[in-house]
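After this come two complexes, each holding chain A, first together with chain B and then together with chain C.
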Partner chain A sequence: MNLSAKQKRSLWQDHFGITIAAGQYGVALAGNPNVGKSTIFNALTGLHQHTGNWPGKTVDNAQGGFQYQQKSFLMVDLPGTYSLLAHTVEEQIARDFLCFASPDVTVVVLDATCLERNLNLALQVFEITPNVIVCLNLMDEAQKKRLKIDVQSLERELGVPVVATAARQGEGLIELQEKILQVASGALPTNPRQILYSPEVEKAVEHLLPMVGSIANNTLSPRWLALRLLDGDRSFLDSLSSFLGVNSCWEGARCAQ
Partner chain B sequence: MKGAERIDALADLSPGSVCQIVSLELSGLLRRRILDLGIVPGTLIRCIRRGPSGDPTAYLVRETLIALRSEDAAQISVRTLLNGEECI
Partner chain C sequence: MCAMMPTRSLSEVWSEAEIVRRSYPNSFSDQMVADIYGNVEQITNNVLTKQGSKRYLFDQKLDDLVTSKRFGYPLMLLLLVIVFWITMAGANVPSRLLASGLFAFQDQLTLWFQWIGTPSWVHGVLVLGVYRTLAWVIAVMLPPMAIFFPLFTLLEDSGYLPRIAFNLDHIFKKAKACGKQSLTMCMGFGCNAAGVTACRIIDSPRERLIAILTNSFVPCNGRFPTLIVVSSIFIGGAVAPYTGLVNALVISGLILLGIATTLLISWLLSLTILKGEPSSLVLELPSYRRPQLGSVIYRSILDRTLFVLRRAVLIAAPAGGVIWILGNIYIGQQSLLTSLGQALNPFGQLFGLDGFILMAFILGLAANEIVLPILLMSYLSTGYLQDFTSLEGLRSVLVSNGWTWLTAINMMLFSLLHWPCSTTLLTTYKETGSKKWVLLSFLIPTMTGLSVIFIFTQCVRFLGLV
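Moving on to the complex of A and B:
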């Protein structure tokens, strides 16, 4: 995340068609489909929205601004996905934005009534960026289903701030904004839980890390990059070439497997 | 899982029955996709109903209804549960 503010602005403009003002914090909003992501987005940004398409894709893109404590934020509503391992255009867009745009904060919205399914995406986002806030939405629905969620324990287990909201009722949104500000400004450090894979995979990752470090160039998590190389994820390698201008390096890394 | 019995393909399940995933014989992107949808070894899955021509079939997985083609479901091995009715 060592991009200068100016580099970042031009990257957002050129690759994602998003204009971010100087001094404005960039906030990405990720989540499974139908978790109320757009309700949160609308509640926070109100009428200050721009809608369009992601460059070159027939996928809707919505961005909106909001102010909190005299700070300005630009929120980008990512397409709803179950995963970031890119089988669909939506997943590819969400992944590329998180990996290469390095937003200051990523809010992962989860359906509180169906955490088991939703946490998969949160764990994937944790591998890409440390600056994550988990937003447990649809708490009103969870209450109707008589589900009790121990938010503090969840926070401890995940290592990131967890905010419970019921966006339709407007509940929890102030706290969400507060946490966004704290994480964006660095006042609230996060330490997201990382998945440990089998010893073979971990060994291979360790082997790749020194080699991918230079490709990752401080803008990308080297561990995520190493894992995708081991996956042989073609679509990620294509994105890598177009964003970082890396062409042949990964061939070498691949041989190292 | 005391009611465990033989290993079957998911596609052979009849509507209403419940089973537990044993392994996925799928590979590549489809495998990844199925895993992302929460169908992993150990998951309980209930067959809900078949499409008009017998394909695809709707399954209830972790409180979400998911339709799978029978050619794909044939490559997922499951263990049928005798006491499955109480599991989901």
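Moving on to the complex of A and C:
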């Protein structure tokens, strides 16, 4: 969403219970369960969060700040999910945060030992927000399993920065922070690969596109909206109308012009 | 322009999207999930090299086989039949040995009681009631359990069970339920209460309720002995050389019927009180492991076999005493037990059962394990079983009480499709927190079972087959 910094701060506060300071970058941490997300979160923020179990099912429980190069970052650890298709409460929380809070950077943590399964989530995140960094964690485990991942090619395939880490050993975390800063400040442009669906899906999306642009004030990717409508995802519709309701003042303002 | 309020235009777009969705014969969501995986596979192929990890290749090949369209189902069926074949063929001899040992000990007990000079009613309640029922429960239940549970635990440990869920996902989806429901059903084979608890793994509340309400359609361990014994007496026994195999096929058929009923009822629930669309399944298929034999035996015998046996014994012991008392208190010419049985008889006959069978099932609400022992106790409360070491002896008891093959089939059907036991009902209450769902979990299987045996019985009688 293209919100002003102030609008964004109040949105984070009202809807997610997260207080973000002026000038602080918001960083979301997404990933499958058990990929070492909490290890990365703890290593960067210096907290000791047991993020495996998501307490209270709200995002304000797992947040922590860190400084890098005199810049301040607020990191929000999202529940571990396999997808964002919102079949579970956790998936819904993660999706709503990425969608409506529009963090400055989203770090998708992948388990390098099961790349295929983990990429599924990454591609879904790419559909929602362009500002993504992929963190390829558990590289040490992958090496033990004699899996060789070509990080440069992966970066090219995905169109976003890929950082290889072994968070338990503390490897690659400085580079991760550097990339977070670069993407957050806009110094490093990203162009995430978009999922190419089969022709019948693409045709249906095409058909719905002209209609969806207006409903969210172009604040959400119209393509993604069309896909959710094809999904028949009611929970998303509920979230959407709840968030649009809050922001209807801008709608009114725009109409008045 | 302002007339286009966000919510209204939202609902307009929603209905437009619905038209598009309907126009497509398949589900867009499924297609999209498949497409995402297609994209992912492409990327992975370009960036990932496996350096000859043989283990990984083996898992992959095995998964290609056990989850393939062609071999997935036949393999599951084959495993089902093999597991029951081994169970029933293996349980036969130990059951007979246990029975003859335990009943020989009963005679010894009787001698001791006479020697001490206890009143005959004390001997009646304790020996003819409590001990004899316990002997039945142990002889009939222990051997099949001690074989079935380790086999089941082997499958569980090897990592095959999640593959079953994977295979069955698309039929469950057709019934608008969740593929993980098959895992909760697998747990139900052990104990329906455990199966209901296992429903927590299903994320969508709607699909979880469906799984809870239909869990008792898979026969739990307390009901297997009933199915096995009745099938052995009336069906397997009729085809002498292949008894074991025929029994395994009959039991497997009943389980398939239970699964079919589960799917049908799940589907009906999705159309009526639990409306909704199925969600996509994301299931982690763990890598195959060689099961550790020691821990399999330890866990299956201690955690499962002895646990279930203990429960059965705790309930069967007092029940045996009560049945003996009921059978030996006379009002006029008739014992109380006979009067009760006769009172229920017209109702039982309507459904192709009899009064005693119905009574046994009602008392079996406490635990399904005691249905068959109670039934035998009721038939024998006044008479004596001459030869309890062979099925022929049991058969003659049942036949002399008016059993036909129709009664046997109805008994098995009703055992498969009737109310869950009290523990399961209690667990359902704990899991759903609502009396309404408990009531439904009682009524749905009961009405299903009664309808099935009523229709079956009336058809058979109408055609004059019995």
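Quick notes on this structure:
Following the convention adopted for this analysis, the second predicted complex is superposed on the first by the 229 of 257 C-alpha atoms of A that agree within 3 Å, B and C clash if a C-alpha of one lies under 4 Å from a C-alpha of the other, contacts with A are read in each partner's own complex, and residues count from 1 in each chain.
Keep this in mind: a residue touches a chain if its C-beta (ideal position, glycine included) is under 8 Å from a C-beta of that chain, and two chains touch if they have at least 3 such contacts.
If you're wondering where the values come from, they're calculated on a predicted model, not measured in any experiment.
With chain A as the common reference, the superposed partners chain B and chain C clash.
Of the two partners, chain B and chain C, it is C that touches more residues of chain A. With both structures placed on the common chain, the touch criterion links A:Leu85 to chain B and to chain C.
Touch criterion not met for A:Ala43: it reaches neither chain B nor chain C. In the superposition on chain A, A:Leu147 makes contact with chain C only, while chain B stays out of contact range. Of the two partner chains placed around the shared chain by superposition, neither chain B nor chain C is touched by A:Leu188.
By the touch criterion defined above, A:Leu237 lies against chain C but remains apart from chain B after alignment on the C-alpha atoms of chain A. When the two complexes are overlaid on their common chain A, residue A:Glu116 makes contact with chain B and with chain C alike.
With both structures placed on the common chain, the touch criterion links A:Leu209 to neither chain B nor chain C. Look at A:Leu173: by the touch rule set out above, it reaches neither chain B nor chain C. Working note: chain C versus chain B after chain A overlay, options 40-48, 166-174, 202-210 or 454-462, clashing stretch identified as 166-174. Residues 82-83, 85, 87, 116-117, 120 of chain A contact both chain B in one complex and chain C in the other.
The part of chain B that touches chain A in the complex is made up of residues 29, 32-33, 36-38, 62-64.
Residues of chain A that touch chain B in their complex: 82-83, 85, 87, 113-114, 116-117, 120.
Per the touch definition, chain C reaches chain A in the complex via residues 1-2, 4-7, 9-10, 12-14, 16-18, 20-21, 24, 28-29, 31-37, 39-41, 43-44, 46-53, 56, 203-204, 277, 279-280, 282, 284. Chain contact summary for the complex, chain A toward chain C: residues 82-83, 85, 87-89, 115-117, 119-120, 123-124, 145-151, 153-154, 157-158, 193, 195-198, 200-201, 204, 207-208, 211-212, 214-216, 226-227, 229-232, 237, 240-241, 244-245, 248, 251-252, 255-256.
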